[in-house]
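Structures given as structure tokens follow.
In the two assemblies presented below, chain A is common to both, partnered first by chain B and then by chain C.
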Partner chain A sequence: MSAGPLPWVNTATPLGRRNPTMKLAVLFVVSFALLFVFDPLTPALLYPLALAAVLIWGRPSPRMLLLAHIPFLGFALGMLMINAITRPGEELFTVLGLQASVEGVTLGASLALRTFVLGVLSIGFVFSTDAVALTDSLHQQARLGPRLCHAILAGYQMLQDMPGTWQTIRQAQSVRAPAPAPGVRRPGIREFGHAAFSLLVVSLRRGERMAQSMESRGLGLAPRTVWKPIRVERTDWIMAFGVLTVLVVVLGLGVTGGWIRGYSALWG
Partner chain B sequence: MHSTTPPSTTPVPARGRFSFDLKDLVLIVVLGVVFGFLYWALVQASAGLTLLMGPFGDLSSHLLFGGWLIVAPIAVAIIRRPGAGILAEVIAGGVEVVFLGSTAGPMLFLVAAIQGLGSELPFALRRYRSFSWGVYACSGLLGAGLAFAVSAFRFGWYGQDFFVIRLVVQLLSGLILGGLLARRTVNALAKTGVVDNYAIGRDLPTTGGA
Partner chain C sequence: MKPVGAAVIALQEATVHYPRRAAPVLQEVSLGLDAGEQVIILGPSGAGKSTLLALMTGVIPHSVAARTTGRVLVAGQDTAHSSVAELSRTVGVLAQDPESAMCMPDVDREIALPLENHAVAPPRIDALIDAALEHINGTGLRGRSTRQLSGGEGQRVALAASLVAEPPVLLLDEPTSMLDAEGISSVRRAIDRAVETRGPAVVLVEHRIDEYAGSDGVAGLPARAIVLDAAGTLLADGPTPTVLEQWSRRLVAAGCWTPLDTELQAAFGTGGGLACPIIRDRLLGWAQDRPTVPAPSRGGVVLSARGLSVTRAPASARKRRRDPETITAQLEGIDLELHSGEITALLGANGTGKSSLLLSLAGLLAPLSGTVTGDRPGMVFQNPEHQFVASTVREEIGHGLPAVINGRPADERIEALLAEHRLTHLAEANPFRLSGGEKRRLSVAAMLAHSRATLLADEPGFGLDRKATISMMAAFRDAAAEGQSILFSSHDLRSVATLAHRGIVIAGGTIIAEGPIFEVLGDRGVLSRAGIVLPPLLDWLVEVEDRPEAIRAILDGLDREVSPVPGMQVQS
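And now, the complex of A and B:
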């Protein structure tokens, strides 16, 4: 595949050299463990640790790191506000007739901070992992079927052309559309739907051609060999062990200190 | 003289019970990629809606929720094999996480698999032979319902005042976007002829393209 890595990906870092499947597995374990934590202090302790790890070993540009925070900053704020005003409990303050409760703010803060922890870890993963290497690694380490991997790589290449295709379709639409009076009408949901359907049809047609040419080159057949073997090295295990140790220590601190709260926190 | 047969060097298509043709797999991936891209574009465009709703912005995600579901019924209707819907959802989720850099994290894979299961179940119960409005509607409702149960646990919606509103809005969105819009899209696709070479094309005269 000639598809290159995406512009924000940098694999020339300690984190970038780690095995992609291993990184994904570690991320999955941390996400799953945090699902059962509902106090604000535990994620508040984990966030600086995660941020430091990503900064030291992933070396993203600070600007990109900050920009990548924006989507889940909004999500976290929404989560905090909705929980603050929709949970019964001791009154903290009242704004515009909406009553915020202590319990609500505590829980909202916990969920918002969890978003930050998982967000920064996901950024670390996305910024350090090349999609083609991930697919190769999933094939070799996670036993993902070869044909599925071929299909995914084809899809990846198509995705890289997609913004261009989308723009072409929108431009073709606006050329043919009746000229609106100045400042009257912006393209609405209807135009979006039409463009989306065109994109779908164009892509399906292109996909069928791709599948035919892949099949004619024997890509759907077995047995297969691997061109670039990807190994799990000792460093990968050290990374996984390190992350899990930090997680267990922070959770353990919460248990000893008595501040950790489980799912029962939802009912006060 | 030993008479062991040498290992066959003739390549054969590797097929199991749940394995798909390369062509079907590419179609599923293409659907996942296109809808992953469209949803991403839609999210960019609708950020204003979230801002507009202020403290209730968190609720706005339920309005568009059905958009997540639509890929599963389309894949099932075109390919008509077990597992197509779940696979399509998981791949669409994977596109979001890995290729488009979504920060929702890998739990998205799990949620995608569960909502794909919900969307596919009604078709599976009719043995992938009935594609009426009713089955699509059930598919949208079930997908939205299952996903709701998981998300409610993840984000702690239980015990909130808005629990019922959330559930109703999400179910309606699933019904309309994930069910009825899916059927419209499938029928429109069948009319264009791009899916004639898939399972849907073979059954076209009986199930009706319009």
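And now, the complex of A and C:
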């Protein structure tokens, strides 16, 4: 098992070098702004811009980028369909006795496209951020307590070992089975339950030992220092400023062009 | 007892009760530890050795639910009123499991964490990490990922992290129990060097005392010894050689691990260890006087492997197809046969592939190539908790058994196994709530219940005291006498020599020796290639005796000095 960041994470890119808390904050601001937008054109303009930014500055593998879209695609299609057939309004077409309205399709498309915008930005964040650096940065920039941050870090270490422990437990329990056939069989619900319970107990015990180990090395004492502080650099501010400028310009275009719609789209 | 005021740690009539236990685990223990003093704590399983350490760190009463009376003072502070983190200014800890001690992604941050916690100025930290690694002979470990360290390396890094903030007391809780010979000696050297340069007081709890002491014998142990008895009361406290001499019989009879010299003193009433001619003569005399263990009746082949290549983890069929060259074999060209009624030991350093081989033989890990033929073996895993599937001890043993075994109800068999493995009084208890030794007995009993032709066991003696080890060996012998074939891996060469008929040594990715156990253990070339170091008694025995039954008679004779365990039948 790899020890460093997860295999799809690439921090050696312009986006990877940005401060994790700043990236998270920018992602949050864009999400929040889009909460108030209900026309399809605004997110449709934002999506290609966000995709281009992630591709250029995050340099993810195109295949992984595409694969990572799948969950968002499912969610977006659901949004589109539910809204299309449940919203009253001018009939667009009827399929299998279900009537789709123009208002419903418009709103559904807006929500679906919003999902894609937030999706691609989240993918950009996840693919360019090392979990350890994120925790450090949240500790230093977002003032998350040292005990919580180190608990997360230790948990992250444990999580990486968990597939191996699960496999050992399944092997250890398979050998108890009465069946004469060798091999580790696919677990049924009972077997799955037994293995999950063992994993829980074993992990709790290990977590307890790790907690004791960290406490006995003084975690929780105040004041404390930070060996290698993660700083917010000028480039981080430039990134934040750039993203927000693009957002404001696109929203501004919507206002001047008259296509942007707010909550009013929901009821009329 | 020392005046409390002068001591860096002082216990005043400390008593600890755990919930759901009738008797206290420690009873009115009073002792003091001076700055720079070196202490070893001896006692059988359940005597409260780990509890004593937990009192000193403050884990009891702060993190573990236990009722305490009396007082524990660390650097003059009552531990009841100071947090574990606060007490860490005085007390550093090295626990037995390096994996759980590693909380950070890399070595540098692991060692930096205590410094950050103790508010050391950041510009100083780099140099302090270097110095700490230097003191554990680990300068090459800088920047390494903590998840890729070997057991010995992990323990040394954990030691560096325990000492880097310079606590005046260092607690060592079985620091070498998970290591092979090379790991033990590297950790031991690191402890010596670190203690020499930084001078903390040391409190050591250790099972594998001879291995820890190395060639120095008793002189290689801390200068002061404290003995706890099974009831958790302080039995003796004084200079280590004196305490071991005075209490040798009682320590050995209680089933504690003790240095060889102490064991021989208990058996013969004379000090001097193996260097003493009287003791040597009497040991060799045992080989003549005592009835010897009969040579095993070697039955037919029950499990065989041909041209086996095994890998560490199963690779998905897709991965095998897509990039077969990335899957590397841990062991190659393995040919072996296991015979009915025979006990075979699997020997080799940590990480050589013993566990993978056992898993492949058990049919739980698909081999890269080659075949395994024979009925499906049973297997006892290193961590008993991994195997538990039931909510009571009785159900655990009955799991997967047919209703009728050999024309008799399965319940009879279950009751017999409960009695044989001293589990009857725990029959309705939850397996996860048992003590370490009880869990091990249960996992062995539950696997023996199936009477499969082959039983595989991965480090079955791990964490047991001497008494429990002897009774587990007896269970294995009984199973072999009934015709089962047993293959077990172990670092405890004394048990290996006592129990096994044959030995298989793996090193460098394959089997390098296979044969009758004393031929294997007597081959110095093989041992050094495999990184195996014989304990002093075995080293001497294979030198002076070439009859396997004579060596076994001597080892059995020493095991008999441990007070007999109910249900244990040592074959004679």
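One rule holds for everything that comes next: the second predicted complex is superposed on the first by the 233 of 268 C-alpha atoms of A that agree within 3 Å, B and C clash if a C-alpha of one lies under 4 Å from a C-alpha of the other, contacts with A are read in each partner's own complex, and residues count from 1 in each chain.
To be clear about the criterion, a contact is a pair of C-beta atoms (placed from the backbone, for glycine too) under 8 Å apart; a residue touches a chain by one contact, two chains touch by 3 or more.
All of these numbers come straight from a predicted model, not from anything done at the bench.
S.K.: Check whether chain B or chain C contacts more residues of chain A in the superposed model.
M.R.: Per-residue touch count on chain A favours B.
S.K.: Considering only the touch criterion stated at the top, classify A:142 as touching first (chain B), second (chain C), both, or neither.
M.R.: A:142: touches no partner chain.
S.K.: Based on the superposed arrangement, let me know which partner A:216 touches: chain B (first), chain C (second), both, or neither?
M.R.: A:216: touches chain C, not chain B.
S.K.: If you stack the two complexes on chain A, which partner ends up touching A:255: first (chain B), second (chain C), both, or neither?
M.R.: neither
S.K.: For A:66, using the defined touch cut-off, is the partner it touches chain B, chain C, both, or neither? Pick first, second, both or neither.
M.R.: neither
S.K.: Identify the partner contact of A:238: answer first if only chain B is touched, second if only chain C is, both if each is, neither if none is.
M.R.: neither
S.K.: In the superposed arrangement, which partner chain does A:177 touch: chain B (first), chain C (second), both, or neither?
M.R.: second
S.K.: Does chain B (first) or chain C (second) touch A:82, or do both, or does neither?
M.R.: Once the two structures are laid over each other on A, A:82 reaches chain B alone.
S.K.: Applying the touch criterion given at the start, work out whether A:56 contacts chain B, chain C, both or neither, answering first, second, both or neither.
M.R.: It touches nothing on chain B or chain C.
S.K.: Pick one for A:27: touches chain B only (first), chain C only (second), both, or neither.
M.R.: After superposition on chain A, A:27 lies in contact with chain B alone.
S.K.: Could you pull out which residues of chain A sit against chain B in one structure and against chain C in the other?
M.R.: Overlap of chain B and chain C footprints on chain A: residues 146, 150, 154, 201, 205-206, 208, 210-212, 214-215, 218-221, 223.
S.K.: Any idea which chain C residues touch chain A in the complex?
M.R.: So the residues of chain C touching chain A come out as 57, 59, 63, 83-89, 91-93, 95, 97, 99-105, 109, 112-122, 125, 145-148, 158, 161-162, 165, 313-314, 359, 362-366, 375-379, 381, 383, 385-389, 399-402, 432, 446-447, 450.
S.K.: Across the complex, what residues on chain A touch chain C?
M.R.: My answer: residues 1, 3-4, 132, 146, 150, 153-154, 157, 160-161, 164, 167-169, 171-178, 180-184, 194, 198, 201-202, 205-206, 208-221, 223-229.
S.K.: In their complex, what parts of chain B are in touch with chain A?
M.R.: Touch list, chain B to chain A: 11-14, 19-23, 25-34, 36-38, 41-42, 45, 47, 50, 54-59, 91, 94-95, 97-107, 109, 153-156, 158-162, 185, 188-189, 192, 194-195, 197.
S.K.: Could you list, by residue number, the parts of chain A that touch chain B in their complex?
M.R.: Residue list for chain A touching chain B: 6, 8, 24, 27-28, 31-32, 35, 38, 68, 71-72, 74, 78-79, 81-88, 98, 107, 111, 118-119, 121-123, 126, 129, 131, 134, 145-148, 150-152, 154-156, 158-159, 162, 166, 192, 196-197, 199-201, 203-208, 210-212, 214-215, 218-223, 265-268.
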